[in-house]
């Protein structure tokens, strides 16, 4: 057992699954805020990778401030058009000069953003429907980074910050998370009328779960109102199916409830995202690192997307605490709810948090003592391997939004 | 008693004051994120007021997306200079044409931003040290607003959203909140070397409170390292004094702990904000509506600053729930901790939330039954007067950051 | 004969061909100023065409203000990279709403710019090496345009302006014009190391012509200094060949004279344009409507590129006067030099210029009387067909740069 | 007599004063193009002066690319407002790091622009009616400048370029130049309704001079149409008076001829410049270095405003040739028209032009021989003192627009 300051305690509330009211939200991949998160994280991965390729280690950068200014669109059955382009400004800091080399940070950022957008929101014609601009200041030259190809040392925390993770997901959380993922996956693959801007809000009161879906339909693939209504129905049925895989509770799914067919007011878009018409977005305003917004759980305000995965302690601790929580639940039986919090202390190695506290709700018949040492061991092991988080982020294996 | 869906329940945790570890943060008025919040809210107030003055009611707008791109500065004892200006982009939507009138939304926004910056961060020479730009799209013309000079009707919720408020503040919260306020008030008035970018993190473990302060010093008023050290000491002493007014616990104050005098690395700035050198910012990334970041309490992800105070339900409910919590604690004895949550339902009048639930920790010897009906009455009354929130926001009487 | 106010007079100077010193310049297609001209004109053509396609006539627009902000590049033998992207801002006015339709003027402009850049400067990766942004204000709604699909009426002059054209080209002019064209054509096709940013200055003193060429070489196709020197030599030989096709005078060609091989200072680029490194550009700063800068001849300051070809009298008269001059020289024998000037009067039909004056230098043995009436007839005929110019511009048959 | 290559020759045309048709234009100080020229030159002066103050010599910079994007305004008798701000982008290159010092080039540029705008177009509220932004790339570090406080050496020409100057001004030129100057001077001082955007076009046919004036009136100072008409009449009378001081020819003045009182279409503005509503502008598109656009004379395409006055040969030679022409006419009797052209050769000292040719029309009874040597001496003397031009530009004693 290490000297790490790890505490395992009972949590002083019910498991979220057992609370009376639960609210869960997820902004899908094409939501303006998530677009910003996604671009910021793609830029961050690209910069980290390029630094490693070029100078053998990750240099100082931080690109967690992408701003999206909505455009204007004129959707129409069968295909409309964007009339005023979206404007996307990538903001941040990056090292551009190092050891005699010049690193084209802004060009790398633009490329990463374009590739990300073309991959995730293919209806959006980059350079036409959306202008991507960039303002990356020069990072402070005196900041040394230590995450390289060969040697990996544990960096010092650059800030007093904390991260928080939870497991297991409640049924409502699972439904919201998976429904978005599969809508934007298998469903959209078969039904190209569904755009990536799918926003889900799950509300559970007792044993009734309401899932409200706002799904941006793509006009090119919808010929008329009848087809639109069919599309709405198909989304509803699909989400119901996903839901019943995760719960025996009563589930009601509501899709595009703000529609008013008589007034011709429906959620039809040209590009599949509301960013085309009036919805601005920015990094860190949407999903937390686990992909969800969960008012019933403590959340970190920290924007994780776009931050440097080597030395940004808020990013690392949010991802690591989530991973720890998932590991514990996977390996230890008898846990009904669990929250992991990691608090850094500026200047200390990041594998030595100021405190790592784990709050647990055990299943009936299980005591904290039954699981305490198993949990401590997992926390200790995961902290020892903290730099794995950095590697996984750079390799795109961990998402932050 | 109304038909409102109000629930009063025991909270299933200890009062935050009684929890073992507590973390509280406040980003001061000059922090890059708070600058964005402040500008966004100033723009919002100015637009709302102008709409009332010009057309008699508040029209559709939303300006909650200000983005700050940091500059570069060369501080020096006795006075340095900004070498690359900060760039501030005001983003949002606003109605520019209404009933034959043209409303100069962008000009109004620029003026409000300039006046706010000149007032709150006077060292920052607007138009020289900071470029303020604006991109306000045209708001959807078909959105009707109903908050006017004469008649005030209760709008329908435009979204499914929720707000959360807490009271009373813990000792640590009070210390952090008031220390920032008084540092930027009386202290800075007497000691012009202190810049408005003061960031405080309070951490309580049991009965020991650590307050870490990052205070941007203004170079013009600091002649040399000795004066800088004196300034740091003065801030420390001042915060200690503030703290002892609010607690009998042990308090340790740490100011500018990242300084390294030998290496000449100190927190010296030209303008009193880290935005001058490498720290970007945006709306909704910092303080919640009550001015604090409180990981021990549930927080809304919603950015309240800059949002339309007439119809943006997230903004209204966050402010209202905080006000309700404060009212309850002020009027009802025996409450140790209280959380108010308001959940809207799209399309319902906002004075009829889907659910208003109040979770209470009572003092020893007090039962929920003792306070339940008093609380319900206050919640009911406050909901009935929900439009007061809008009025107070427009008049600048409520802050959101 | 019409009532048009046409004057044919002797010119009160020598033919330019016979002057002692002559200077001629052409900024090639990849020069920053010409890039702006080309983009502005491409945008103009696209808008005019779209207006015709959508509403049957050309609506009010003007896009003659593209601004290019240079980037930074790190060229290297075998292939370097752009390190800070070029920024290109398309500026102007365009009608976005007409008769219930919304015309996506900015999206059209972005598409036209991208297609133009990809076609003419293929090394420049649009959206990566260059950020293209757009600010098109709404054109005044009350301006009626009259150039449609079916009916073509002659518009009124919108300004007091004038255009000037010359013919025939001198030998030096022919050499400079054709050398650039063929360098960027057949030569570059066979020798991909030559970039489109080729700038030529011809200077003739008596019977000696010096042609100075600045030719941006593309690093990807040049392995080392030897290859670079070969490339320079090849350009020189090619231009000499072109020159001797047009003159019997002595011709000296100088390529990349600012190179300093010992210091390693050569004109090597990543993308084939100096816009990648420090050379800004804008519309109307380079070539006149005939493709040349000719200090020996009167020139219009008017920027023709990007202007509306239906009603912008400066654009139309510059193109028309050039066409008239060329027609006259093609059809009438005995003309050594000729200048056509068309002066509009605001409010008059553009086929009725305030004055059309033609100044002529005849060949020896030819008198003005010999050619006067032929010239008048051609001028009259061309003015009668003034709207052909508009059609040719929209169809991309006339260049303006 | 020096070794300079100076040629004095007869000009092969009539004096412009004696030509049948003459056109002269001046865009007043508040015209969008002139605003850009003025800002660019103000920025240039400020940078040059700061470099001298900080490092003792002028470093590399070039700021000749300011771009103005027009706003939108709603003028109204008694006072309207700007509804969409003008956007002004200062573009160029400047040395930001030199010999361990950091020079805040962008901050200097923003300050110079603001001070210039506040001084020349006081109705324009900087930061509210106009957003001023800046993009100054880093200048090449290897360019050495040589114009310092103490030693002044003559720099080498950085380009093959030429400048051209004329004297004396014709009557029409004098009228146009002085009318604008006095309208924006004494007249505007007494009649605050006249805005700085005054555009004059003089056309002389034989002995009849037509002066067409477009004068932006400021709505705040004009209560109704009657006052507007009075204002137009007053401008007309004033220009007539100015004209008669300079000519005995017949003069007709036309002010705001595009007005249509019945349709309520008049030239009323909020700020006194058409930049507020639809008229974009940029550097080098308007007046030449002598303040005029003179199609009857050879003109340089070169934009002089904003260019580095130490080493930019096009700027220096345009200003110097104008000064030479004026000096010659002031000191030598018998000259009716004179054109000075200076052609540089890259790499040669700028006081040794490749050729300085002076073309002269003498008065009746005066021969070229009578004046030739006097002219040569003046040219020689002025070239010897070429660096005076630089000094005068930096001190703001020479205008370029």
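In this document, chain identifiers A, B, C and D correspond to the written order of the chains, with residue numbering beginning at 1 in each.
In this text, contacts are C-beta pairs under 8 Å (C-beta built on N, C-alpha and C of every residue); 3 or more make two chains touch, one makes a residue touch a chain.
The model shown is predicted, which means the values in this text are computed figures rather than measured ones.
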Farthest-lying chain, centroid of Cα atoms versus that of chain C: B
Inter-chain centre distance, chain A versus chain C - centres from mean C-alpha coordinates, in Å: 50
Whole-Å gap separating chain B and chain C, where each centre is the average of the chain's CA atoms: 56
Whole-Å gap separating chain A and chain B, where each centre is the average of the chain's CA atoms: 25
Multi-chain contact residues (two or more partners), chain B: 84, 87
Touch relationships between chains, expressed as pairs: A-B, A-C, B-D, C-D
Residues of chain B touching chain A in the complex: 9, 11-14, 19-21, 23, 62, 64-65, 67, 69-72, 84, 87, 89, 91-93, 135, 137-140, 160, 162, 164, 201, 203, 205, 212, 257-258, 278, 280-286, 288, 293, 295-301, 303, 341, 343, 346-347, 355, 357
Chain D partner contacts - residues on chain B that touch it in the complex: 74, 81-85, 87, 96, 102-107, 110-111, 114, 125-129, 131-134
